[in-house]
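Two complexes follow with chain A in common, the first pairing it with chain B and the second with chain C.
Up next, the complex of A and B:
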């Protein structure tokens, strides 16, 4: 009886064993770190190619995309997208666009339409129009790069941000601003004997900077829309500007008004100074992370200049760097995850990043020259810094992993003290 | 006597449970086949599979709308979507101004801009209505295609059980070697940038026939990030055909990082 039942069971099981086992395979890292894309020249005589070139350069420098050789493009922007044409090229995304001139209230405007196509699903994943004045062709292109980048990666692009810096001629120093890619360079101050690194207000419309006149140190706030400036503070002690506080209403500065340099908050409306450090050591170079609500700065309290962190109210001070004997000019990433600073290694200044908790120290430069004054892009993926590797001080840009280092400031111009706008 | 009674009870219980397992098994097997076929069809013809973050509904192409009713039922698997024929939703417009302009904008321009944005708002809500309608039509249509495909699937099943797949089942060693090859192959076609996103996992399942042709591609588990899912799926698509397996196999790939 039992045997019969068992026999039936076995028979039934063998009949039913039709479900094949599925084998699972693990792949833990992609074969390539870049998505292959094609940016076809936009349709529209004079501007189409220019705009496509700017977008190519933006997307390529992000490090996330590999541009397909232009000679192999199989369609033009005015031809319909057919995924079958692109599949053999193993390209994942195709970007096309058209430019036309339109008039609004007798003003000449350019209207750009862009489309992003996904080759494997044969779908258009983005279709958007942009309208702008003719004279801001570069800005419109950067905005398109941002839209494409954000659509694909889900991250915020920084292609429309700006960099402010100091330019030196034989006897004077000036503040300049330029686009993140080194284009559209403009001078915004008339010049002083000494000008130190400018810092952007969180809205990207103002710059605060330190100047020296007749042996007095002052802090100016310049409105970039009007170029009017306002002196917030001037005294015989050294007053050096650091980052804005995230609310935009206060400015972090270091001042030697009590003898040794300390860090203060300067209220822009009331001009009132609140001390955040109070010691006989030197505390300088404050930089703030808006997200972490913490301030990174330099102190020599343990005999050599080292990087420290404190809360936005001056509490909870702690040392971050324990290797190297000369660590200066720190900059906090917006997110507060990383700090970039300059460290003397084998007799030269080099750019180094470190996690907020003091781990993961990484040297990004190892070039013969001195590499100093690093500053993060708002998304923390790029760093602008000063280097004298060309024989004179110039601004360089690098990706966060140290790759793609290139000159950003105009050729044969002494440029230093870079600072990256948040917007 | 007591012991015999117990044995019978155990046997009956075993029989009972195994019947449940078997019925379940068959049900799943049918179900999987059934679903797979449907997914296969839909995957290839429905563009909305590859939605990206921030790609608003109005930006994603609606599925091809076939006007003739008879075509609703007969949907050849090889049909590739033809983008050109589809009616476009109006693209979003972004007006760009220099934040730091050295020449000011005239107030009249601002007013026209405001009007524009209002118009846009109205248009967008109309588009949304339209897209939900399209979604509904699509759902109905895919149901119809399931029904027509069902009968075919059933006959296919019978045929398959009559003629088991050629090629003997793989030995463990053969399997290890083959799956390693597949891993290297698919990895070579997988590109995903280091966007700083951690603990991502997408599982893509598919079947490989005796010639290495891939079918029944499915996202078994989504990472929640559409770019990550899309790039994983593309890696599989680009790997087609894979090296020939010793016998037909079903593979799941866990794309992790």
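Up next, the complex of A and C:
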């Protein structure tokens, strides 16, 4: 008797856990089809359409979803979900929500409730509430996109991450940051003569960047919460900052202080430099993968600039690229599976990805401009890069398969040196 | 009785499981740090140009007070190379002579590149051009401690056209001579 009860309990538990862990698509299967979904404008307050628009853009760009045209929706967010309304439209998932404005301590807050419905089984698979200050409406929308994305794919979304970059005007160069989708562009520094690509700390709270002042190259660390900056190093040699190491306590840099550019670890607290390379050749542009615990960089030791890789302590140095005569500007994906870099092909810079063992070299750009300075999103599914295909330097984004290339930086703004935050 | 217990247990199990499925989570609040990050200066308009010019002026006013001049022509390099070309020999000899006779003069050697190639690698190339030039001057008798090197990479172009006629002008080393230089 007890055995029977136990068997039934176990069966119920295992059914429910299978339903809970159900991932609607298997990312690893080749040729996985795009899931057709509908995102209905949210009801209530004035923000319902804006939030839904942001969610639609995020999910559509991810490449996993096919957004159904809104004109064919027959059901609004404030109506209860009826699978019969959606079945004829061949939609798998429906996202609906509501927005409410509340006041708390004289602050205007927005409360958002979202639901994700599965049409086939006619069930709600996600129900979540969000609350935030009204002035960060876009951020909240991106966090909702993340929640929906994670629920359906099982992957962590990057829709609330940011891109830091350099803007040039006639005389000065500035550090700016913006949301991953090119919105909420805001300036971070007051301007310098020359500024090179900034790098994010792993916690997303600081940026390290290279600047030139009075014929000295310096490395600044700016705290985004206070906008206070600290100069870590400044001298006449070419000192260029690279990625943070994963503990956030050290920075990879290159410096020509010994004559020819070498790569060092710079301890932020002590300012102590530990060399990782030591040669009369150029070693420059270090980029680290936290997971692989290895560093990719550029070296001209075989006479032309090529991509190399070494351990986090500078050990086990080996060459990665053997095709082409000018391969520079590498970025290592967070997981360490892929490297993206810029290669001169037929006289122009193109964005190329390669596995860290040197196999699978894939060219992602092929238009008439020069495409440089690529940087992976934290999930390795997108790349932001600098391109002059519009006649001036601007930031572009692409999916990892080369599709969806579009400009990201504001119109007519000279933008370059992008870097993608982990958080 | 036993049947009743069994059925109740089953229903209890189903009830518990269905409750567990409905995750009512606490509302997600955005962290204080993220909100604080939003209080950042608005983007500059194109009018930022004049402000930049004023700042640039005050920056040069703070430069070391010394008489600077550049009576020497720039020397030029081949694409992606830092070898001293034969054509540069004359200029380098004049500089060396001047430095040897004027014992107080100090020289700044600046390396530049054309805009092809990537920014960071070009900074390293500019360094190599400056260093090769310095080494050459040292071999001509100029004391090493009176020559400093600096690289601008591709960040300081004399012309912007997309053609070899312009690129060749940017692949250069530029000399700044400081007479009676003082720190």
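Throughout what follows, the second predicted complex is superposed on the first by the 390 of 423 C-alpha atoms of A that agree within 3 Å, B and C clash if a C-alpha of one lies under 4 Å from a C-alpha of the other, contacts with A are read in each partner's own complex, and residues count from 1 in each chain.
Just so we're on the same page, contacts are C-beta pairs under 8 Å (C-beta built on N, C-alpha and C of every residue); 3 or more make two chains touch, one makes a residue touch a chain.
Nothing here was measured: the structure is a model prediction, and the numbers come from that model.
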item	value
Touching partner for A:256 - first (chain B), second (chain C), both, neither	second
Partner chain in contact with A:101 - chain B first, chain C second, else both or neither	neither
Partner chain(s) touched by A:196 [first = chain B, second = chain C, both, neither]	second
First, second, both or neither for A:390, with chain B first and chain C second	neither
Partner chain(s) touched by A:284 [first = chain B, second = chain C, both, neither]	second
First (chain B), second (chain C), both or neither touched by A:130	both
First, second, both or neither for A:326, with chain B first and chain C second	second
Touched partner set for A:139, first chain B, second chain C, both or neither	both
Intersection of chain A interface sets (partners chain B, chain C)	1, 5, 8-9, 12-13, 16, 19-20, 127-133, 136, 139-140, 143, 147, 177, 205, 224-225
Sites on chain A touched by chain C in the complex	1, 4-5, 8-9, 12-13, 16, 19-20, 111, 127-133, 135-136, 139-140, 143, 147, 169-172, 174, 176-177, 184-188, 191, 193-194, 196-197, 205, 212-215, 217, 224-225, 227, 236-238, 240, 254, 256, 259-261, 282, 284-285, 298, 305, 326, 328-329, 342, 349, 370, 372-373, 410, 416-417
Residues of chain B touching chain A in the complex	7-8, 11-12, 14-15, 18-19, 21-22, 25-26, 28-29, 32, 47-55, 59-61, 80-81, 83-84, 88-89, 91-101, 106, 108-109, 112, 161, 175, 179, 182-183, 186-195, 203, 205, 225-227, 230-231, 233-235, 237-238, 249-257
Footprint of chain A on chain C - complex, ascending	2, 6, 9-10, 13-14, 17-18, 20-30, 33-38, 40-44, 46, 48-49, 51-53, 55-56, 59, 62-63, 80, 108, 110, 116-121, 123-128, 131, 148-153, 155-156
Chain A to chain B touching residues, read off their complex	1-2, 5-6, 8-9, 12-13, 15-36, 63-66, 80-84, 90, 92, 104-105, 107, 113, 117-118, 120-133, 136, 139-140, 143, 147, 150-155, 162, 177, 204-205, 224-225, 423
